[in-house]
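Here you go, one structure.
Labels for the chains are A, B and C, by order of writing; each one numbers its residues from 1.
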């Protein structure tokens, strides 16, 4: 079976283009192509005609949402692929180290006790919460370097931190006696509805270095999947590598959670789809996960906002609805393989 | 179905506007001022309405919807967040999705000149598109009683009409209604009362002091058994059994939560048939006169 | 070429071995034997540089001079020493060619023709025809040869193998031994740990590790004696003479 051919890449790019175009086209309000096109040209200062209200709607509401979806989908898929490589576990996902819980705690504390009306503060606090939890995990790992080599223990620390975050969030919600809990619930499920251009610019600026740094580690990640000992024999400094990988992918995950809440299953499912298609080599897996994730999430978001319009399903529900059957089939296949052995 | 979130949101998602806020607004724009009006928002921001809004979109909580109907602005509401508890007068208004996650495109396509309610994030998004938004956002305090409700009514009236006349009339009417009920109950023996809500998992919350429910109980010759609590707090079945309120008021759709726990079968209010359903959305709105009458009639088993 | 000087290693309180000195030379096949728990794998890891001994040190000859093994960078170490572990379970299903190409990682910054070296390595162990097959589809013997090809792709001067025969049937064991002998003849220093003592007879030298130290090192006939084996394995041993000049066959008697 030939994997990673030029045709595969072209197909991926094609999927991405189709997804973005469909997502830009479909919405509660029909925006004619003419308005889209002229609006874009005007924003790019190539024409000076006045912008129609529909063009503004498209450029300031729909397009940022679609692009944010693409960026988040790419980030989550990349982070998920890296986590699966680091933990040598195809069931790992970007939230395995408890970042989602940390982000929720940060967001809850900001929403409940922070100064009102500051829109940027919430993502900042969420990011800090997620990142803080990652740092705590890394500090614990430094205290016992053995932890880097014990995958289950590392995951357990992540689970423990996640539970701690949830508990602290619960206390904060209880103590505050306000009703931000409602908006937090929706935030928890994940939403791309609040995509704006400044956010997209900030997200891209922060995420791009992480993406580059992670993709650069592709070769080393391949070796890590042979086991820590084999990787060390082949010239990989295992502990510094794992530290870097966990840190960079946590930053990516924290960015996504900060801006869009917890969107599940993308980081788990997309690397698997890609692995079947492009093979497990990370120099193909990681970039193609980015592309497929960038195509997958906007499509899910389009479904979430169109299926029951004007009601919007939280996008995390749609990704789960699609992700769970895939996940179960993967599990069954693995079990069948084990049984056959 | 009115869940805890909607019920609470009727009182709490709208953050307490204190009298000072109301006074400030009044000072900024005296009762008969025309547009433009300036209304203070949270965090030092202000909202300036240049002219009378004719296309209003109302997001949650339902309290805003009831207030706008009562202020006579129902015909100007062109979009409404989906809720089973929306006022009947607005049932034909197109939906813009759910309060916490509305369909922003649909809102924008309605070309509103004022959006009332919604979360901070939605506020930021719509403001960025130069749409006038009024929301109190997440604040540390909730509506603590009728004065807060009246303050909010005045601010809304200022926004939608340019003056507070309609609000003052409504407040006057409500205060008269409430006084009448209080007078009728002047010699009434006080009953012990609890106002309860059920959370999503069937866990119970009670209205303590500094809540509109507490005020309604007090003014309907009742005694809130949970007055030692502040705001809304979760309460255990044990606590409820210990306090044994004579009357329990709970949202109509949540009565089953009281009967489902075997331990609560020992509640005297339950066995004496003194558990009454209330329509939280209506009775948690600005229709305080109606609410007080309902409380009084339930608590004292006589019509008002 | 690779020498352990008085190395001692412990896992926490548990002393695995003390004062072990062992040299590996090019053109030599050295068999490391010993009972379970003697520390054969640990000694291999100390010799490969991924674990440092609590006492003693390991040196390697590079460009004619002797250097501390732990003074080299991880890449440099991997260019000199290759290890075939007892069992490798990759988390994902790579193809044979992809697996072997991992051996080029220490040389990733060089301008060598990686592709032809990978092909040569596969050729040397006879897995060229399996190049596009997935690792999971191979038999245990074929997999073992793929891991050997991976190690050879590193172009090492020292090859360490941890019980490479344990998952193989007799035919594949024979093939593996012949391969190792060929590699030693080509100039590699090959050390392989083995449980099946009769295979150790095929080595140029044998090292017997037991009871926390090296009991004997030398030609098979000097090490594979009744006294040594009964001390090491704490069980009765019978030696059956074979060809003249060949070490005897070893049988373990039931008590």
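Here, contacts are C-beta pairs under 8 Å (C-beta built on N, C-alpha and C of every residue); 3 or more make two chains touch, one makes a residue touch a chain.
As the structure is a computational prediction, the values presented were derived from the model and not from experiment.
> Which chains lie in contact with each of chain A and chain C?
Where chain A and chain C might share a partner, there is none at all.
> Where the centre means the average of the CA atoms, what chain is farthest from chain B?
Checked the centroid distances; the maximum from chain B is C.
> Using only alpha carbons, which chain's centroid is the nearest to the whole structure's centroid?
Smallest offset from the overall C-alpha mean is found for A.
> For chain A versus chain C, what separation do you get between their C-alpha means, in angstrom?
44
> Whole-Å distance, chain A centre to chain B centre, using C-alpha means?
38
> Nearest whole angstrom, what separates the Cα centre of chain B from the Cα centre of chain C?
Spacing between the chain centres: roughly 78 Å.
> Going by the contact rule set out above, which residues of chain A touch chain B in the complex?
Counting only chain A, the residues touching chain B are 27-29, 53, 56-57, 60-62, 111-113, 115-119, 122, 174, 176-183, 185-186, 191, 193-194, 196, 305, 309-312, 314.
> For a test of understanding, state which residues of chain A touch chain C in their complex under the given definition.
Residues 84-85, 88-90, 219-220, 222-223, 225-227, 229-230, 232-237, 275, 279-281 of chain A touch chain C in their complex.
> Would you mind writing out the residues of chain C in touch with chain A in their complex?
Going by the criterion above, the answer is residues 45, 48, 50, 74-75, 77-79, 81-83, 85, 88-95, 98, 102-103, 105-106, 108, 154.
> Using the touch definition from the top, list the residues of chain B that touch chain A in their complex.
Per the touch definition, chain B meets chain A at residues 5, 8-9, 12-13, 15, 41-45, 82, 94-98, 100-106, 108-109, 111, 119-122, 124-125, 128-129, 137-142, 230-234.
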